[in-house]
Each structure stands twice: as C-alpha cells, then as structure tokens.
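My questions will all concern the structure given below.
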Amino acid sequence: MQMMPQMGYDRAITVFSPDGRLFQVEYAREAVKRGTTAVGIKVKSGVVLLVDKRVTSRLLEAASIEKIFQIDEHIGVATSGLVADARFLVDRGRIEAQINRVVYDEAIGVEILAKKICDFKQNYTQYGGVRPFGTALLIAGVDRKEPRLFETDPSGALLEYKATAIGAGRAEVMEHFEANYAEDISMDDAIHLGLDILYTITEGRFDADTIEVGVIEVETKKFRMLDPDELGGYLQTIRERHASEDEEGEEET
Amino acid sequence: MQMMPQMGYDRAITVFSPDGRLFQVEYAREAVKRGTTAVGIKVKSGVVLLVDKRVTSRLLEAASIEKIFQIDEHIGVATSGLVADARFLVDRGRIEAQINRVVYDEAIGVEILAKKICDFKQNYTQYGGVRPFGTALLIAGVDRKEPRLFETDPSGALLEYKATAIGAGRAEVMEHFEANYAEDISMDDAIHLGLDILYTITEGRFDADTIEVGVIEVETKKFRMLDPDELGGYLQTIRERHASEDEEGEEET
Amino acid sequence: MQMMPQMGYDRAITVFSPDGRLFQVEYAREAVKRGTTAVGIKVKSGVVLLVDKRVTSRLLEAASIEKIFQIDEHIGVATSGLVADARFLVDRGRIEAQINRVVYDEAIGVEILAKKICDFKQNYTQYGGVRPFGTALLIAGVDRKEPRLFETDPSGALLEYKATAIGAGRAEVMEHFEANYAEDISMDDAIHLGLDILYTITEGRFDADTIEVGVIEVETKKFRMLDPDELGGYLQTIRERHASEDEEGEEET
Amino acid sequence: MQMMPQMGYDRAITVFSPDGRLFQVEYAREAVKRGTTAVGIKVKSGVVLLVDKRVTSRLLEAASIEKIFQIDEHIGVATSGLVADARFLVDRGRIEAQINRVVYDEAIGVEILAKKICDFKQNYTQYGGVRPFGTALLIAGVDRKEPRLFETDPSGALLEYKATAIGAGRAEVMEHFEANYAEDISMDDAIHLGLDILYTITEGRFDADTIEVGVIEVETKKFRMLDPDELGGYLQTIRERHASEDEEGEEET
Amino acid sequence: MQMMPQMGYDRAITVFSPDGRLFQVEYAREAVKRGTTAVGIKVKSGVVLLVDKRVTSRLLEAASIEKIFQIDEHIGVATSGLVADARFLVDRGRIEAQINRVVYDEAIGVEILAKKICDFKQNYTQYGGVRPFGTALLIAGVDRKEPRLFETDPSGALLEYKATAIGAGRAEVMEHFEANYAEDISMDDAIHLGLDILYTITEGRFDADTIEVGVIEVETKKFRMLDPDELGGYLQTIRERHASEDEEGEEET
Amino acid sequence: MQMMPQMGYDRAITVFSPDGRLFQVEYAREAVKRGTTAVGIKVKSGVVLLVDKRVTSRLLEAASIEKIFQIDEHIGVATSGLVADARFLVDRGRIEAQINRVVYDEAIGVEILAKKICDFKQNYTQYGGVRPFGTALLIAGVDRKEPRLFETDPSGALLEYKATAIGAGRAEVMEHFEANYAEDISMDDAIHLGLDILYTITEGRFDADTIEVGVIEVETKKFRMLDPDELGGYLQTIRERHASEDEEGEEET
Amino acid sequence: MQMMPQMGYDRAITVFSPDGRLFQVEYAREAVKRGTTAVGIKVKSGVVLLVDKRVTSRLLEAASIEKIFQIDEHIGVATSGLVADARFLVDRGRIEAQINRVVYDEAIGVEILAKKICDFKQNYTQYGGVRPFGTALLIAGVDRKEPRLFETDPSGALLEYKATAIGAGRAEVMEHFEANYAEDISMDDAIHLGLDILYTITEGRFDADTIEVGVIEVETKKFRMLDPDELGGYLQTIRERHASEDEEGEEET
C-alpha cells in the first residue's frame, strides 16, 4: 500500500515526482549501484581505470566480460550497470570520435566526447517512449597535456574527478580515496592503489583474469589495456603485501 | 492515500489540475529548489552572477562543476536544478545567439535571447511526450547601454530583476537583498554583496575553487569569469570582514 | 476519495465529462482565475486596457512584467493566466497580423484576428497530446470607425464586451461595471473608471510602476501605452479623490 | 464509488460501453443540452431559424454572440453547444460549399453539405487522439424548389425535420411543435410560431438584441438574417399577443 | 465493483479478454442490437430487404431516415446500429464498387464486395487508435444468375443467409423465419412475408412512410426501392389480413 | 478482486507477465479454443483437412461458412477461431504464394509459406498498437514428394504433425489420434478416420452441408475440396458403421 | 494485493523498477526459464550444441521442432524460450551474416555476429511500443582458429562460456559442468558429456528424434547437425553406460 503513491510518477515516460525528482533516472541509478565496481584514478602522468569483473563461474570466459573499452586512441571508458546499455553508449562514443576525425581532421577532446555522451543520455530522460540508460561511465583520456577523468550517470550529469568509482563498491572505494589518494603519485603507485582497493572489495578473490586495467599516460597519449603478464606482476605485489600485512595482523593479535 | 487524488494530473503529459495548476511544472520547480544557489546582482555599471558549486569532496575537480556559462560575448547565464537539462538549454541559447549573428549580422539582444529560451521551455509544458525542464536560469548581459538580469523558471515565465537568486538558498538570499540591495553601488561592492551572501549561506565553507563569479560591465560589454587570483582577493576581504565581525560578536558577548 | 470519479476525465487529452463539460478547459479557466486582473473598457471614442501587474518585490523590474502587448499598429491585448502561454498567443497573433498585411496588403480586422486566435485555442481543446492554453485575452482595437473589445477564454470562445475583466478580480470588477459603466463617457473618464476599479481591487497599493494602461482611440487608430508621466497624472487624481472620500468617510463617522 | 465502473469507457478515445453506447458521444450531447435553444421551422415556402442568445449582462455586445451563420448564399445554420466547436464546423461547411462551387461550378446541395459535415463529425467519434464535437447544428436551405431542414448531433447522425429544436429548451419546444405545427402555414406565421415558443421558453425576457432570426424562402433561395427593424415588428406582435392573453388570463381568474 | 475486472480489457484498443473475446467488438454488437430491425429474404427469383425506420415523431421527415442504400446497380444494403457508421461503410462500399468498374470494367461480385467491406471492418478490430464499427449490414444482390444475401457484423465476420435479420427485432424475426420461410416462394410472397413480420414486431404501427423496402430480381439484376404506391398496395393487403385475423380471433373468443 | 493482479499485463500491447507468459497471446488462444473443430491427417500418400462448420440454423447458407481455403494449387489451410482474422491470414498467405511465383518462377514450399505466415503472426505479438491474431491454422500441402501438415497458433509458433486438430474439439480429437492414428493408411482410410472423429464430436449431427473436406495427394500435388457427391458417399459409410455399432451396442445391453 | 505495487513498472514500455531492474526483461527471462534445455560445450577442437526438443506426442513430427539453426557456414545457434521470437532472431542473424559477406567479402566473425544480435535485442528493452525478446541463444562458431561459444539473454547481455546451458534445465546442467567439465577433452567426449547431461535431465526419455546435436570443429570450420545414424551411435553408448550404472547401483543396494 505504501508504494501506491508512486504509481503515478514512474510510468511510461520520465516525469517529475512531487519533490522534483525524476524517478526513472533514480531507478536507473539503482541499476548502476548493483553493477560491478569500476575505479578511476588520475595522477599527474596519466589515468588508470580498473574493474573487478566479478567472475562467478570457472565456466565463464572472463575475457568476454568487457568492462573497459577503448573509444579512440587516446580515450578509454570503464562501465558499470546494464551491460547491453553500456555497449550501446560505447558504440555511440566511438561514432562521435570518428565523426570528429572526419569532420575536423583531429582527435576529439576528452571533455567534448564526455559531453556528447551526456547530452545523448539526457535526451533519454526527457522524451517519451524511451527509458534512461542504466549505465554509468568513467571516461579517461588526455587533452593536450592534461590527464582527464570524467564520470557520467544515467541523468546525463557530468563531473570530473581526481579519483572516483562507480558500481556496487563505490561508497567503500570513495572512503578509501578520501583517506589515501594523492595527486602526485606515479602511475605505478596509482595502479597499486587501485588494485589494493579492489583487493579489499573482493576480499582478495581476484587474479589476472577477473581484473581489467586500462591506462593512458600523458607522454604517450595512447590508451591501452595492461596485458596479462604486466597485470600479473602488479597482482603479485599486492598479494604479497596483503599476505605480509595479514601475518603482521596475526602477529599483533 | 492522501496523495491518490493527484494521480490523474501528473502523468504522461503536463495537464491541468482542478485548481488550474500544471503539476509537472510545479514539480520541476522543486527540482530547482533542490539545486545549488545562484545569485544575480544588477547595478548601474553591470551585472554579476555568483554560484556556490557545493563541492562536497576533495576528489572532485571543482572546475568541472560548471554553473555559469557564457552564451555569447555579451551574455552569461547561471543555472540551478538538473545539470544535464541546464547544459541542453545553454546549448540552445548559444545556437540562438549564433543564428542571430548569422541572420542579422549583429549580437542578439539579451531580452530577445531570454524570450527565445523561455518560448522553448514553454513548449515542453504544453505538448505530450516530454517533461518540462528542471532548470532555472539567471541570464545576465548588456543591451545597448543597459545592464539586464533575467530569471526564467521551468514554466517558461520570464522576469527581470535588480537582484535575485535561484536554487536552494533563494528565500534566504532574497530576504538579504530586500534589506541590503541598492542599485547605485559599484560592481566591486556588488561582488562583495554577493559573496557575503554566499558566505552566510555556506556558513563560510568556500574558497576560490567552490565559488564561480561571472561579470559583465556596461563599459566593456564583455562577459567574463573572475580568474582565481581576482576571486581570491575578494574572498580574502570577505573572510577578514566576517572574522572581525565574529570577534566583535564574541567581544560583545 | 471524493475526487476519484474525476480521474477518468482529465487525463492525457481533453475529453468530455458525463455532464458534457471539458475538464481540462475548465481547469485551464482556473489558471486564469488565479491570474492578475486585466480590465477593458470600450467607449464611443476608443478602448482602454488596464492591468494591475501585482508587483510583489522591490527587486523586480516592474517593466519586465508585460501584461499588455501590441499586436499590430491598431490592436493591443491584455492577458491574464499563465504568462508563458500568453507570450505564445501574442506571438501567434502578431504572425497572423503580419500575414494579413503581406497577403491582403491591409491591416487585419480586429474581429478576424480575435477569431483566428480563438480557432487556434480551440484546436488545443480537441486534439490529443496537448493541453489547452491557460490564458485569457482582452483584445482591443478599431475596425474602420468602430472601437472593438473582445474577450477570449481557454475554450476558444469569443465574446465582445462594452466593458469586461479577466483574472482574479473579474467578479468584483464586473459588479462595479454593471453599476457604473456608461458607453458615452470620454476616454479620460474611461481611464479614470478603470483606475478607480484597480485602486479598489488593490486596496490602493499601486503606482505608475505596477499599473499598465494601453489605449486606442477611434480618431488615431493607434494603440499605445500611456507613458509614466501621463499615467502618473491619472494616478494622482485617483489618489486624491480616494483620499478626500476617505476623509469624508471619516468625517461622516 | 458508483461512478467507477464507467472509468474504463470514457477515456482517451471514444470506445464502446458494455451496452453498446459511445460515452464520449453521449457526454458531448450533454454539452449540447446545456447550450442555448435554437429552433428550426420548415414550411412550404421556406425555412426559418430562430435562436435565443441568452444574453446575461448589459455589458455584453449581444451582436457578438453569433448563433446563426450563413454557409453559402442558399444555406444557413443555427448552432447549440460549445461555441468554439461550432465555429470550427461552420468554417468547415463554408469550405465544402466553396469547393463545390469551384469543382462543379454550382451551389452545393443542402443535403450533400449536411452529409459532409456529418461525415466529418463521425470521424471524430471513431479515431483516437480527438474528442467528438460538442455541438449540434440545424441546417436550413433550399434544394432546387424544396425547403430543407436538417439536424445533426455529435455522433454525426443526420435527420431531416419539419420543425425541430436543439439546446436546453429542446424538449419543451418539441412538445409545443407536436401540438401546434402545421406544414402549410406562411413564412410569417412560421416566424410568429418560433418567436412565440422562444417567448415562452425565456419567460418573455427577450428583445431584438437577444434573438437572432434567419430565413430562406423557396422563391428567392437567399438565406438572410432579419434586420433589427423587421425583427422588432415581429417581437411587438408577440408581446402584444401575450400581454392580451395575460390580461384575459387575469380576467378569467 | 462487479465490473472492475473488465476494466483492463475494453480500453484504448481492442484487446482480448481472458476467455478470448474481443470486448469492444461485443460491445459494438450491442449497438447493433439496439438498432432498428432490418430484414432480408432471399428467394429463387431475387432478394428483398425491409426496414422498420422506427419513426417516432410526426415532425420527422421519414424519408430522411435512410436505412437501405444502393451500392451499385445490382447491389443494395440494409443497415442497423450507429447511423453515422453505416453511412461511412456505405460510402466505402460504393467506392469499392466504382473501383471494380474502373479497374476490371465490370460490375463487382456481391460476395467480393461483401468481403471487402468485412476486411475493412476487421481492420478496425485489430489496430490501435480506432474503435470497431457499431453497425451490421445486410448485403443483397445478384451474382451472375444467383441471388445473394450476406450479413456482416462488427467483427468483420461474413455469413450468407436464406433469410435473416439484424437489429432489435432479430431474435423474434429469426424465430418467425425458422417456422415460416420457404426458398421457393415468389418475390411477391417474400415481400408479404417480410412485411408480415414487421407488422408483428411494430404491433401494426407502420405505413408507407415508416417502412423501406428494396428489391432485386434475378431477371433484371437491378436493385430498386419500392415506390410509395407499390408499397402502399402491399401494406393494404397486410393490414386487411391482420384485421380479418383479429376479427377471427375475436370471433373465436 | 482475484483478477486485479492481471490488470497490468494484458492491456494496450502484448507484454510479459511475471512468469514470462504473454497474456494477450494466451487469451487469443482461448478464442481458438472456442472455435469450430478442424482436423488434419497426414498419411504417406497425402494430407486431408476436415472441418465441422457447426451450422446452427437452416436459414444459413452452409456454403458461406468457409473454414478451408486454397492458398495455392498445392496448398490448403483449415482455420479455427475468429473468422475475420482467418480471412486476413488466408489473404496474406495467398499473396506470399503469388510473390514466390513471380519472384522465383516456382510454387512456394509448404514449410516456407507456413513460416512466412508465422513470422507475420509473431509481429502482432511484439509490437504495440495491435492485438495478436485470434486464429489457428492447419496448413496442408506437398513439398516435392513429401506430404506436409503444419499447425500454427496465435504466438506464431509452428509445428509439423502427423495428425492434429485445432478448435473446441482438439483435446478429444488428439486423444482419439493417439489411440487410432497410423501413418501408413490410405487416403480413403484417412478420410474415414477424420469423419469418424467429427461424427463422435458432433454426436452424429452432420451431413454434406455442414462438413468440409479438403485433400491433397502426393501424386497429383493438387489441393481440392471433396464435392458434395463424393463427400456424401463417405458420410453414408460412416453413418452406417455407427448405426450398426449402435445396434450392436444395444444388442449387447 | 501483494502484486499491486508492481503494477506501475511492467506496463506499456520497459521501465525501471525502484531497485533498478527492468521488469519486462526479467519476465522475458522467465519465458526462457520455461523453455527447453539447450546445452553448449566448447573444447579445444570445437564446439557442440545439444538440445532436448521435449517431444510430447507421437503425432508430432519431431523434426519440425527446430531448436538448432545454422546461421552461416561457420556459425550455429541453439535457442530456448518463445519459438517464434527465436525464429525472428535467427533470421536477423542470417541477414547480418549475409550483409557481412556482401559488404566485406568475408565470413562474419562469431563475436561480431553475437554483438549485432545483442544490440538488436537491447533496442527492444529501451524503446516504447515493443516488448523484449523472450528467447536466449547459444551461439557457436569458429573465429580464425578459435572455437567460440556465446550466450545471450533477453536484455541483450553477451557472455562467452566454456560450457553453458539455457532453458528449464540450466541450473542442473551448470552444476554438472562445474564438477565435470574439462577444456581439453575431445569433441567425442564433449558430445558424450552433453548427452549424458540431457539423459539425466530427461530421465532417460530420449532418442535420435527428440535430441538435436550440432557441431563445429576448428579444423573444418563447418557447422553441421549430426545425422540420425551418427547420433544413434552416441545415444547407444550413453544408454549402455547408464544401464550398466543402474545395474551397478542396483547391485550395490
């Protein structure tokens, strides 16, 4: 009975509730909150995106769970929420990037691309006959000499972060960042920081198959995924560190 | 149960309630009331727009929270409410301004631009399959030798003010203005007046990163954002003034 | 509970209620009843339109609250109800007037213009996907040598009056007119009559800033707004008259 | 509670109720029943249409309440119900008449015109996204040497009458006709008969301003409105007759 | 309360109820059941259609109540139900007949025409945004040397009958036919049979004005309406027969 | 009250219920279950379709109740459910067959035709603004040297059977087939088997007028309806067999 | 009563529920869960798809129940859920494969095809006026030298598996695979593994008619269905194995 008053506000098209909220957009945000955790960290020398793919079965080809996508040479995105919606937005982003190359004969700016994706998302919150996208994106890239890290949500809102996260583990990750993030660390340290957080969130259940890491450095301006070997090295370090911490913890007890 | 009678009036398209109100428009106004506070002050020599960006995390790039936008050389707008809707309206305004330059070979009048944005908004309150915009705008500019300051709301209504505010702090700001506003103060004093109000509203939690200030002067007819240094100077003055007041207050006790 | 039977008649499109009324149109009339009071008086030598702009804050530029609009050289309208809807209808009227000049090379007849606006309004009460206009208009002009004064409502109905009013004060004004209106008074007396009524309605809270007066005389066939000085003179007379009346009233007691 | 079962049948589009009625059409008929009374009388030598314009205020220009319209030289219609809908249908009829003149180079037949208007009305009862017309029409004209008098209702049904009425007074008028109508009276007597009925219905509250009378005679085949003088003459006769009847009535008592 | 479960099935478009019925179609059939009674009788030498026009007022021009229409030289239809819907279908049938003449240079087959009208009707039961036709038709004609008599209903179903009826009196007529119909009677006897039934149904309240009779004979292949004199002769016979029966009945008592 | 939970799933367009069913499709199946019984039997040498036309009145021309239709020279279909929907699908099938002849210059395959009709039906279960077809079909034909017998239902599902039935008597017929069907019987025996079943279902109330039988043999590849004489012969055999069985039954008692 | 809160989220178009789920998509998944079980196993040398066709009547032509379809020479799909929806998607897949051959003159990649089908499915979850597809697919093929096995669901999500299942028996099969699957077994063993699982699920009720098996080997890159003889051999082995197991089991007891 308690839910009946909402009946009028969340149907058919995205309309306002009496307190000025767009229910369909807020419900779409819930879809994101139930998604896998994606983390983005921006440092002076570049940006790193990390995703826990939440592989739950050994029968699954972990590689088929794509959560980080390359949009253009210099831009990558990490997604959380409805995977089919994410693929749709990634395709849209790639098209925008290509159009920019064809029309202006140069790579699209990271912020411009982010805004175009957000404008596209906004449209799905204002017109009838569609629902909002149930997907958030972290957009990482380099504009001229600047590393950039944007976050979009189902409303089409756009914010730039130094470090942020989307998906189920967002609150925990942000708390961690508030305490431990520093802008002037190296890319290497940034990757370690990100993996460290994912280690905590997944309670140590991860390996090179279930984690995806994408990086872009200011110097190269090329977005690339870490290959299994590279990633394996980082994971080894994290595991060792935690193992010794646990030992210490045990010793302390 | 008490809300059931409203069920019929706020769905699908913007229809009238039995007492002649458009619920979807009023609900959209609630979205504005929950937005960040934007303040506009018009004086003889120009107009100033000030916004508290409500930065809540050190991880956020405050610069990415754009609340004041330049529409044309001589026009700027401050927004409050749904940010993606605001971006849509800002784009619309820029297009109208460009069209005017192309068709009439001159800059668009501030009032004409404001009316065009409002007509656009009105359409979203009368036709089916869309929702109204959840955004209010303060539009500042100079028409010939006159400073102008308009406020629009989700209905498409348009009013010109000497000083006004939109967003969460509106009531408090307006009360302040009724008591303290004078039309013949200098731009400098206007900026101080605006910052003073924001200082009160934010309970002193602000700095050059979380405040945006845009000004346009009759003499130059150029809208520009204060740069961090300029803004820093003003903020310093405000802080000092309040500090001494607090001291006085303490002394008085 | 008591309102539930109406649920079926006022949604989505303008449909008939069991007793043959169009609810959405009647609700739109409520929007007009909540609007500012506009008064029209037709005399032998012309027509006068008067509006109380209901200015509630000294921060508001009273001049920006337009309630009387010129449609063509010889036609003006006063509006009440939703201001954005009014602007839309005014634009429509101007376009119709221009079309007439282009197509027939002569000024549009006042009655023809009024009918065109009403046909436009009627359409918004019969087709789906739109709502009726929440605005009434008083249309004043001169056809050949005849002064004309029309009133339209949200249904698209059209009536010609000798003297009439729309908006919140309608009932009070009409009562006043039934008792005091005479067709053969001068324009000057008509303006005094109108202001007298607004004085009563606003309980004397008015000045040249909060009142708009538009006149068209049979002789000139030009619609024009009274300028502040002219209007000031009239207001002075009204205030003096009421002051002396009050004195007399007091003396009498 | 008692009205809830109807909720399903009268919304959005004109659908059938369980007993095979079209509610929206029946509700539109209610709009007609609340309209002013229009009377049509066909005699050998022509047809007369009479309307009580129900003028309620001395401030209203009675002439602006048009209830009888000329469609073509040889056809006139009297309307009852929603006035804006009536104007729409009248315009439609005029267009059909003009088209006939252009395409066939001759005046449209009265019955053909009546059918075209009815087909138009029927469409508004079968397709979604519109409501039926809330207007009935009496259509009077001369086909070759025959006087014709048609009545249409919101369903698009068409009937020819010797004498009939639409609007609030229909039942009373029809009863009167059943008793007093004769086909072979003169036009003059027909006008007297009609005015007599209106006198009764309005309880004698009428004059040349509040009554409209249109006639078409077989001989001339021209539809025309009675001018004030002509009408005044007839009214005088009616008043005298009733006055003497009242006297007699009083004497008899 | 008892009707609430149906709320979901009869709105907006023609959908299935849980037991596989199309409510809107069944409700449309109710509209037919409330219509005037139309009777069709097929004999070896032709087909006769008879309709009781149910004239209720002496003020009505009985001739204007058309219930039997000619579609083409060799085809006529009798209708029952919503009269405006019937007119629409008759127009449609005439167009189909004309198209056939233009395209194939020959008269359309009766069965082909009947199927085309039924296909048209079926469409109005399957697509959204329209309601089914509230009209049944009896279609009479001659295909090559065969007399044909078809009946359609609002669903678009098509059946051929030897003798049948639609409208309010259907059940009573069919009962009569089951007992009294024979295929090898003459046209004259068929007409008498039909009038006899109408006499019973109307309790003897009929004359040449309130009855319409159309016939088509195999020999001529021309559909034609009986003229008043012809019809008068038949009616006389029927009246006399019933009068003598009544006398006999009285004598018997 | 018990039906209310279904209110949300069966309206407007065909949507899924919480347990993954398409209500509108299932309700359409109910329309089929209420239809006349159609039977199909495939044997080595061909296919036979039999329908009980359920003729309920001697006034009805049994021949006009078409339940078996020829689609192309080598394909016939038997239908059950809404007859107007069936006619629509039959027309569609004929068009597909003709297109195949025009485009590929050869007769359409039975399976291809069946799939095309089913794809068409599926579309009416997935898109808004339409309802599913309330008709099932048995499609019989010969592909190369193979007899084929397909059954479609309102969902657009397609199955091939050795022997099957649709309509009201389906369950009873299928039970009969499970016990008595054999693939290697002759066409003659197949026809006897089918008639035997219809005899049982109709409790012996049938004759050459109320039964339709269509056959296609592998040898000829021509679909044809049994003519009255042929059919009469088969019926005679069935009646005699049942008569003797009944006698035996009686004797046994 | 308990279901009423859901009324608002599952109608008309696919909208979000308060916890961020798309009800229509989840209900469509239920349609899949009620479907027949389809199994896919990928090994080093190829992929095998197996389906239990759940044949319930000896009258049904088991061959007509197609659950495995060839899309292109090198790609096959197994389906579960609504069969008419499956056929639609299979057709779509074939068209995409053909387009690729025409446009790029080469066979489409398995993953590209899978993504195109999924994008198509996603569209049916975001736009109004349609419902999602009630079908899951297993897509098997060889990309260059790699065997691929994808699974799609009604949301348009896409995952690659080593071994997986869709339909009613999914949970049971997956449990079996978690325990018994190994990637390096031979194709022969993979087929045995799959049949073994179907044997268990169907409780041994299966034969060459009710099971469909499709295979593609890396070496040949040709997708093909096992023919009855081949399949018969495999089934014999399975039956014997289970028989001996049962015996052993019995012996053990």
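Just so it is clear, A, B, C, D, E, F and G label the chains in written order, and each chain counts residues from 1 on its own.
Please note the rule applied: a contact is a pair of C-beta atoms (placed from the backbone, for glycine too) under 8 Å apart; a residue touches a chain by one contact, two chains touch by 3 or more.
Because the structure is predicted, anything quoted here is derived from the model rather than measured.
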When every step has to jump to a touching chain, what is the lowest number of steps that links chain E to chain G?
2
Mind checking the centre-to-centre distance between chain C and chain F? Centres are C-alpha means, answer in whole Å.
71
Centroid of chain B to centroid of chain G, CA atoms only: how many Å?
57
The distance between the C-alpha centres of chain B and chain C, rounded to whole Å, is 31
Return the residues of chain D touching two or more other chains; collapse runs of consecutive numbers into ranges.
4, 7-8, 11-12, 128-129
In graph terms, nodes being chains and edges touches, is this line, ring, star, complete or other?
ring
In which sequence are the chains arranged about the ring, given a start at chain B and a first step to chain C?
B, C, D, E, F, G, A
Which positions of chain D touch chain E when the two form their complex?
4-5, 7-9, 11-22, 115, 118-119, 121-122, 125-129, 150, 155-164, 174, 177-178, 181
What part of chain D is in contact with chain C in the complex they form?
3-4, 6-8, 10-12, 23-24, 27-34, 57-61, 63-65, 82-85, 87-88, 91, 124, 128-134
